[in-house]
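By written order: A, B, C and D. Residues from 1 in each chain.
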Amino acid sequence: MADIIATNETILVVGGGISGMTAAIEAAECGKQVILVEKNPAVGGRVSQLYKYFPKLCHPSCGLEINLRRLKANKNLRLLTMTEVTEVSGEPGNYSVTLKTAPRYVNENCTACGACAEVVDAEFDSEHNYGLSKRKGAYLPNLMAFPQRYVLDPRIIGTPDATKAKEACKYDAIDLDMQEESHTLTVGAIVWATGWKPYDANKIQPYGYDRIANVITSVEFERMMDPHGPTGGKLLRPSDGKEAKDIAFIQCAGSRDRNYLKHCSRICCMASLKQTTYVREQYGDEGKSSVYYIDIRAIDRIDDFYQKVQADETVTFIKSKVAKIEEDKETGNPVLHGVNTEGYHRYATPHDLVVLAIGMEPSVPAGDFPIKVSVNENGFIEQDEANGAIFAAGCSADALDVNRAVQNATASALRAIQVVNQVAGTEG
Amino acid sequence: MSTVNQVMVEKYRNDFLKEVKANVEEGDWVQMCMQCGVCSGSCPFGPYWEHPPQEIFMMIRAGKRDEVLTSDSMWMCTSCYNCIARCPRELPITHIMHGLAHYADRLGLAPKNQPTRKFAIKFWNNLAKKGRVNELKLGLALYFMNGFVEGIKTALKNQKLGLNMVKTKRMNVMEMVGGHSVKDTGGLHAILKKAREIEEAKAAEFKG
Amino acid sequence: MAKKEYSFYPGCSSQKGASASNYQVSVDAMCDVLDIKLNHIPDWNCCAASIGYAGGGELPRLALSARNMALSEQANPDQDLVATCAACWLATRETKERLQNDDSLMAETNEALAAAGLKVEAKQNVRHMVEVLIEDFGYDELGKHVKNPLEGMKIAGYVGCQTNRPFGIDGESFENPKYLDKLVETLGAEPVDNYDKKVSCCGGALAFSEPEKSQALIRDIIEAAYDGGADLIVTPCPVCQMNVEVYQDQINAKYKTKFKMPVVYYSTLMSVAYGKSGKEAGLDGQIIPAKPLEKIAGK
Amino acid sequence: MADEIKIGAYICQGCGIGDRLDTAKLAQVAQRDAKANVVKEHEFLCSAEGVKMIQDDIDNEGVNRVAICACSRRAKTDAFNFENVAITRGNLREGVIWVRPDTDEARETTQDMADDYVRMAVVEAKFQKPPQGDQNTQYTPNILIVGGGVSGMTAAVEAARAGYQCSIVEKTGALGGAAANAWKRIPQHAPYADPEDTGVAELVAAVEGSDKITVHLNATLTKTSGAPGRFSADITTESGSTTTENFGAIIQASGYTEYDANKLPELGYGKSPNVVTQAELDAMAKEANGGPLKTQDGKDVNSVVFVQCAGQRSEQKGHLPYCSGHCCLTSIKQAMYFKDQNPDIDTNVIYSDLRTPGAGGEDFYRSGQRKGVTFTKGQVNEVVAGGDGLEVKFKDLILNEDAVEKADLVVLATGQVANSGVDIEAVVKIEVEDEEGGGEATEEKEVKVEIPVDSILSLDYRQGPDLPQLKYGFNDSHFICFPYETRRTGIYTTGPVRRPMDMQQAIEDATGAALKAIQAVENAAKGRAAHPRSGDLSFPSFRREGCTQCKRCTVECPFGAIDEDEERYPLFNEERCRRCGTCMGACPVRVISFENYSVDTVGQQLKIVDIPDEFEEKPRILALACENDAYPALDMAAMNRVEYSAFVRVIPVRCLGSVNLIWITDALNSGYDGVVLMGCQKGENYQCHFVKGSEMAHERMSKVDATLQSLSLEPERITTHEVAITDIERAPQLINEMAETIEKIGMSPFKF
């Protein structure tokens, strides 16, 4: 990593999700020098954990494949994984940035042959599947993972597993002595695209995510639907592994709520509408979806998707913020209590499975941002002159769907280019 | 009391929301409701509300003054605070319900024989007199609040209860004479009188 | 540990011959062991509870609690104001916060208090006894004083409403507070885990005015305790204690149930575990005798 | 040296290839059968030494065609990355050993598979040329922006800030567009509590103050021709004077027209002057300039009702089926116009779903409530002009009753209609329909050509004067991940013409569009392809003498890259080309090819495959797989060790649209027993990143039945599938199904 070349005409992009990749690739394809850092072992971010996109119901990995090809082909773009930004100082056109790279314990010799994973015994919760399944202590983060290179979980270092892995590798790709590295470099502009995390469902106490097995989150549901996900594409109840056919979707789970996130996370309505189509796809008329909502926010052109779902007689909409969920001890069914406010109808309805349309919490380190930027009380980075040449992209800027995140990231790339072009101009 | 009602009707014409904002405890919050209904679903007495809180808020906006103020729904509040704890907009719903009940009572619109209303009034009068609650008098008053015959029935029904309480020294027959009290009853009454004056004055001078 | 002193607000129900007089007895026993000195607020008055609203209205109601705070500030400055009754605590703390966040309300309140030559600043912390136990002592310290562990006893921790919402105990959730369970464990007994009625409402003051409706709620609370295999129910609130204990006969009559579930205060549990006598622990105040506790207290 | 071909074939033994396969035999095959000039084996080809070995041959042995026989073309790209040579990959790992069982009985067929992939890699290399890129581009970096509203001005200002010259062509006499008539805008900054200044004046000042921006007012485009880097645009003013300028890229920011409220008589529009649209209300507010808003007859306004979704989100004929996204926030903003003036004015927003997304949106909603704006979930049925003011009749959906509300003013939240010019696909449809004389064609015509619209871009393209529309008249991208993709290279749309949006979104959107325009210019300068084959330097060349002027290539090019010259021969515009090869697939006489992708690079591969005679019981299946979805799916199947038939030979193609029928007939003639085509999803929600490729392939294949009959072959021998990148189990299964079919119907008689 010592060979990173960066100047004050270089653009640093922080975060390798869809927004960061877009900002980096778009800028690089304009001929700019770009460094893209990602704290995970592979790029792709949240979208790589999605089964389908709304409203087209197409597969995120398809776009990811294209972006990966663009990334592989572009010589202006340098990718650093397992790397985070620890310090930033300076001003537009001349920032000094300190990067911290965690040891992967696997070097570029790795051919992704998988021999190490075969011999390692230790298993850990799979990050890719939100802990719904296990993965080995030596692993490839996912099938689309780029760099296509294995990782050793730090928790196996110093254990016999680590030595076994090393011995299993014919290509001397495993380096157990790898240490954390730190590098300081100069860049002209910074695009901040650290994305979002699902709001901690345990905090939404009335819904008992921590107490009731058959209450799950929308991101977990999404993994379940993936044919190569933890349940092989089946909707299985955590409590008893039975197929769930009567499914409740609770909107604004953590969003639009002063007790949790006060902003609207924008994507959840469309996400749940999309997920009702999964239920239909699985069971046809046998399945049943109930959406408990405050307002259905199927914004602009894609409102027609909402209209299509409304026409599906297996899907019902209840205008209600569910008050609380209790578990039916016999059946393990979550029972939803509340009032449908359209005409005041009280309900206590059992479902096989409850999906919390979980809110979007920005992953902006609001408190300890490495340099002064203006962050609003929702935790997103405000567009502000005072931020200098630090530009938020995607869900660091607002709760955005993929399409808008990419749009926003493309804009941020230009803002960064303006800065480095100015540097280039003034420096002849 | 109903003259007060006339005054308010005059003052706010048909703008009930403004009236509530001006005269009802925490009434300003009503406009912040987004009709999610979590309060209505959270109330332990929910099934007994003819109009649950969120609907009452909507009725206030819709100017349904009489329907709201004569309703006995607010009187169903057990002060469990579930609604406040869960409201996504932080509305102090319990207090708004109390405020509406009190306001309705002040205007003489509250349903006359609503049991909780009667109890609440008696409770207040009881404590306002000596500064501390006289549980026995309150209890008896309660039994007879629906008239003598009813009272005997209730009293008999609760006789065993009463005896138990006495046996376990958790009720004192001597309270009929004397009983607990603050020493400075004069001061206490002065405070309450003044507080009431201030409140009345505010309601009167507020220009919708 | 050094003696701890608090400005104490007993509340009406804790008075001699009142419905929670046994609560006070057990609290005194508990404090004796923990070396807590409760300095009673002189000439305190009723807080108007949560039912005073209809007659009182906003300012008069607040004035009542303000008067107590004013007297407390006079008599026991630089002490926390502590109440054992949920309603007393809630009303007082609510008043404190309302006054602090609303200057005009503060002014009006003091205008009213002035009528009796009083003035309030509302600066003292207003705390429930449970907060004192958990925050100022902690489970370990509370455990140290256990002489007679309550072994073999299964206890349902019924938290109820007003010690839990809207303020509650710091760090506990509204839907599933654990502190009573932890306390039960600390005292050597077994808590009923996922006791799903632990924060359900008992009807509160409406147990008087709406007995049928309230008793329906109370039935579920007791039933769930039996389902969880409880020998007795423990609670931090006088209204909860009263409602859940004293109506069991009427509920049995109405619902053909055979309830005989003792309902005790945490302070009673602690006093017994701390080796106090049944009388000191207020066990003679039980309408439904808490036999398992009596056995131990008898030792 | 470019013409003296020297092929190096490099066979890796790593990742178990050496253990599972006889690599010596592979080397022999490369040399003897495929005629590789240099052949080397290496135990770990992607290692530094392995890579160096290859680089040395390139530098010292003059190797200029490199066939890497190792892992998939998707793996180890960083290692196998050599300058100025043609590189091919023989997929021995994901393509062979990972999909075959390690058993003795499987060994022979597995080796056959590997042998063929080596042959194929070498012969593909042989027929490839390293792409040079288009050298002779005489390009201009200037950017043309159509439309002088917020979107257009933002695009210009942002591009200028990056150092690019811009010209704005605005049809009206002034800059500002729709926003110029607005009083305030929805807040764009925390705390998102109050309407803020529109910022239009500042934007106009920035445009006029920039020495990099030229503005043409009262002007339209009358002819636009050329390609990225060399567009030529005729800019004609009202007066009729025309100037011709050259541009590198074009941004279309032609904005929207407010939905015609006259179509909503039931809501009282046109019947009472006090029923106005949101745009009209904002104009009134601007007029009042901070003073109180009055009714049309000059009375004070005491109550205002906002009717959301007026003529929107409705299936009713003549209404808009979509949501315009901004209207809820706009109504809140406008209600504040009144509330900030005088809190006693009643403002009620009647909505069905209140849509205030994101952080700012929800904050603004709360702020509206705090200011006393009331919100009613309801369905407005009628607005009638009563004696004193207006009566709004609606169903209150919460109180579940019919209600009437009096109001002095009613504001209708009507939607945005895109100014997207001519719907060229409608026109094309009619052409096609006419040729076939279809019955419904006439109807089709009536529906489509309702109102004759002026063209926005006046493109001198064979495919028509404007951009293809996606849905409801918007020129949006079809792709979630690539919001700026249009089907005309170097031309990008932005603002409400792309998707209904408010000012804030338009500003973000225009900034992004400016980047794409800049990128198009830079790509054109270097002869590089734009997305999705970004950076591809190859370009289509065509043999004029062979061409029969059948026009298929010009018609079928999804990007309108091919015009016709005066002699009606196809005229390729490389800078418009996305290198998908659809033209190549379309050409019946096979005169179109790319340096590194041609009829031969694929054709020779399938021909060099060894076809055992029918008695050997070793059928051969040709699989042509889309390189973006089906091929990765097969790779991932391999990573999961999903097994499939050893009789298949998979060739990745840029797009199924590039598949030329000759490959199919060649395959059948040379004795293949089956052909499997795997492309992307087609139809309305098509997944093909070259738009129509998969569609066209299916279309063409549906017509080969005839050919099959003529060869008296069963139609089952050819199957065409839509395969998604997630079809990790299904893609192998499709191959196995073909193997089973062949077992059923028997081997092809065409083996020699």
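Brief remarks on what is shown
To be clear about the criterion, a residue touches a chain if its C-beta (ideal position, glycine included) is under 8 Å from a C-beta of that chain, and two chains touch if they have at least 3 such contacts.
From a predicted model like this one, the values you see are computed outputs, not experimental measurements.
Relative to the whole-protein C-alpha centroid, the nearest chain centroid is that of A. Looking at A-C and B-D side by side, the one with more C-beta contacts is B-D.
Between the CA-based centres of chain A and chain C the separation comes to 46 Å, rounded to the whole angstrom. Centre-to-centre, using mean CA coordinates, chain C is 66 Å away from chain D.
The centroid of the Cα atoms in chain B and the matching centroid in chain D are 64 Å apart. Distance from the chain B centre to the chain C centre is 23 Å, each centre being the mean of its Cα atoms.
Residues of chain D found to touch two or more other chains are 354, 377, 398-399. Under the contact definition stated at the top, the residues of chain C that touch 2 or more other chains are 174.
Annotation for chain A: residues touching 2 or more other chains are 206, 256, 319, 324, 341, 344. Shown here, the protein chains touch in an arrangement that is not a line, ring, star or fully connected set.
Residues 15, 17-18, 31-32, 34-35, 55, 58-59, 61-62, 89 of chain B are the ones that touch chain D when the two sit in their complex.
Touching chain B in their complex are the following residues of chain A: 206, 252, 256-259, 294, 319-324, 337-341, 344, 346.
On the chain C side of its complex with chain A, the touching residues are 173-176, 194, 196.
Of all residues in chain D, only 344, 346, 354, 365-366, 369-370, 372, 374-377, 396, 398-399, 403 touch chain B in the complex they form. Residue ranges of chain B in contact with chain C, taken from their complex: 25, 44-45, 48, 76, 78-82, 84-86, 94, 98-99, 101-102, 105-106, 110, 115-121, 123-125, 127-128, 131-133, 135, 139, 142, 157, 160-161, 164-165, 167-172, 174-175, 180, 182-184, 186-188, 190-196, 198-199.
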